[in-house]
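Labels run A, B and C following the written order; every chain starts at residue 1.
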Amino acid sequence: MLRLENVEVFYGNIRALKGVSFSVREGELVTLIGSNGAGKSTTLNTIVGLLHPRQGAILYEDEPIHRLSPFQMIQRGISLCPEGRRIFGNLTVDDNLRMGAIQRRDPEGVRQDREWVYALFPVLAERLHQLGGTLSGGEQQMLAIGRSLMSRPRLLLMDEPSLGLAPVLVQTIFQTLQQLKAQGTTILLVEQNAHQALEIADRGYILETGRIILGDAAATLRTNKLVVQSYLGG
Amino acid sequence: MDDSLSRPVSVAQPTTWQRYAGVATPLLLLLLVTLYIQGASSAYIQRVWIILGLDIILVASLNLFNGFTGVFSLGHVGFMAIGAYVSAILTLPLEKKAINLPDLPAWLAHIQLGFFPAILIGGLAATLVALAIGRPVLRLSGHYVAVATLAFLVIVRVILINATPYTRGSRTFSGTPAYTTVWWVYGWALVTIYVAWRVLRSPYGRAMLAQREDRAAARSVGVRVLRSRMWAFGISAFLTGVAGALWGHYILSFSPNAFYFAETFSIITMLVVGGMGSISGSVIGAILVVLLSEVLRNLEGGFSLGVVQIPPLYGMSQILMAILFIGILIFRREGLLGGREIDLTKLFVVDYWRSVFRRKEV
Amino acid sequence: MSFFEYGVQQLINALSIGSLYALMAIGLAMVFGILRLINFAHGDLMMVASYTALFLLIDGFPFLGAAIVAVVVAAIAGLAMERVAYRPIRGAPDVAMLLTSFAVTIVLENVAVLTVGARSRAFPAPPFLSTVFTLGNLTVSSVNVVAIVTTAILLVLLTFFVRRTDTGISMRAAAEDLVAAQLMGININRVIAYAFAIGSGLAGVAGLLWAAKVGKVDPFMGFSPVLKAFIAAVIGGFGTIPGAVVGGYVLGFLEIFLQGILPGQSSAYRDAFVFGILILVLLIRPNGILGVQEREEI
């Protein structure tokens, strides 16, 4: 479904991604693991077109997409739930979801999806007309995920959804991801919390200083010596 | 922009005489050109030469502040106005004072100073005002400084228009003695360039450059941002005030309209063309803009292109300058010199020429 | 005149001048909110609109028709400004953008001088904008009432637009977080174009009202109002529409108040006080009286 081929991204003169290649197949939940500054967010931002690679290609359903801009990604069914949530604090919960569906022209489908998001996160339904900025951290994360789902993505990119959340909430979020996968959404999950990410993922890649150093089935990675030492705290 | 500082020196360190030669050459050139213009040129060329010198002072002193601190002042023309009015009032002959400024308070009505002390007091008055407004304004960050200094400019204008006993209000202030000569102008221009140079090289100058690059880093090495900004602001206001005084004693009759938006924009254009943070850039920016706008202004009156007669288009030069300005901001934002300096010392280092020619052979 | 009547009189004056500042400040704030651009050339749109109306009126157009065309022309001028000058420099340092808008002002004003001449011309306002009527001891000029009512109607429409329509909500979203807005699939260029078109149209309305109030137009007529609008926007906390509106009215009341209390001679210094207040507001509440406190300390 998604394939990165030898992608190189620069910030000015600094090479942030040094030839990254990996792929995500339809229906999979793939996780990208790495420490701070390894280039995980850069990878996701490049996929959605916020950054553009200097070298290499990104293919989505065999079509090169690395020259497109973010709003064209939404049209193709790619949605990124960004790091740090970045919900619109001055808009109501409902309007936040409305923004997520800004490109859609099927009001009936949008209405159904909104009901679906509220069913997924009942707590949001209670706060319908509250400003996004007044929600708690966990609620904001749910809103951010819900907002990303409103474009009805076929490929959902998640950037550190567990960051700064209490363990109980992290559980909820991860359960939701599994639920989404079960409903057919393909997910690329970026996480520092390697342990839990590998629990729910089908496959995983390890990113270190701008390079993929390892990629395998999640179950295999969980027992890999290097992964255990560096990322699973064993 | 400071890669000129960090770039490895490819040629041998200049010896003392080479350094002197690097400084002396432009001075000698300046002297010769000025003498030539004084002796052989039309009054028009002499006028342009003096205006150029004044603009060099204005741009270099604005650059001393804007370029080195990284925050932008839109209010410097206010300091120019202060310098011009203060020194004009102080030097106005007593009998003219009685006629032109009858409502002047007694202590001012009975003094008449010489040119040099009047210039200094004009500059100091600008500095005092700068230090007074600097304390609140320079605390602000980024474009809020630009906004606040613009407000300062408006305030100066309102005061000039209303302080009728001192300024004759919006009417023309005339009778200023014609003291300014080309030697005064270029003397002060050299002082300005030297001061800007020293400020840049001093510990304070380095502090300013440091905080321009990164405020957090500068603070962590103990640079007091407000204090370094205040220094730059005060010195820069003094030199701008001096330029205003010189300008007043050259133009002789002026009104508050001279010290507003158009003048502000013209100085900023020179600054941006030359490149912020570069003193030689200021000089080059002033030269280019003054020459170009003189050429354009002469064409404004209409001219014939073979068979086509171009009608007079007054205001066209301003439009073209503004478009050029936008073009530079879009395509070469760092200005022509991009914060670097032209160092003529190199010309006297043999290795430099060797490296130039060797590069050409490749 | 009783104290009460005096109060009502001043209230009308303050509301009408405040309305004009608010109309101007909205456009500045909308654009600043999304782009961090202080569009100095915003004031020149007043000039564009009033000259357009002036020439149409001279050609015998009815006022309402001329006004509508003038506002549309202002909106188009705003769009052109964005496309030609501001889009190429988008994302540049704030000061570079501010200086660009300075240059745009110079271009527009000199083009006006070249085409229509630098001298001011009388603005032929229709009777409903140029009569003065008396109510008891009150003297009220109709343009003040029209200004207050027009602005009120436009504010209601604008509020509906930014709170209820997709484009309006997108605009607020983009002002809050440009990157997140892009990720939602919001077409940023489109939203910015809307901001310029609407803000410029409102500036056009303000220009017509201003011309009717002052009775004349000239190429530099936008200079002083845009500076004031700019203060209004800063007072309200730059970048939000409600802030701009509140700031506009606060400034209107402040000016009328200063005019009332400053003794004789010194009322000429009113503008100096007003701009002094700008500096004070920047210092005490850099994010305006409505803004959130997130002061950038040095």
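Note that contacts are C-beta pairs under 8 Å (C-beta built on N, C-alpha and C of every residue); 3 or more make two chains touch, one makes a residue touch a chain.
Note that the structure is predicted; figures quoted are calculated from it, not measured.
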| item | value |
| --- | --- |
| Farthest chain relative to subunit A (centres taken as mean CA coordinates) | B |
| Central chain (distance from its CA mean to the mean of all protein CA atoms) | C |
| Gap in Å, rounded to a whole number, between the CA centres of subunit C and subunit A | 42 |
| Mean-CA-position distance for subunit C and subunit B (Å) | 33 |
| Distance from subunit B to subunit A - Cα centre to Cα centre, in angstrom | 53 |
| Residue numbers on subunit C that touch subunit B, as the complex places them | 38, 85, 88-89, 92-96, 98-100, 102-104, 106-107, 110-111, 113-114, 223, 227, 230-231, 234, 268-269, 271-272, 275-276, 278-280, 282-283, 286, 296-298 |
| Residue ranges of subunit C touching subunit A (in the complex, touch as defined) | 166, 169-170, 172-173, 176-177, 179-188 |
| Contact set on subunit A toward subunit C in their complex | 48, 50, 69-71, 73-75, 79-80, 82, 86-91, 95, 98-100, 102-103, 147, 151 |
| Residues of subunit B that touch subunit C when the two form their complex | 72, 133, 136-144, 146-148, 150-152, 154-155, 158-159, 161-162, 215, 225-226, 229, 261, 265, 268, 272, 313-316, 318-319, 321-323, 325-326, 329-330, 333 |
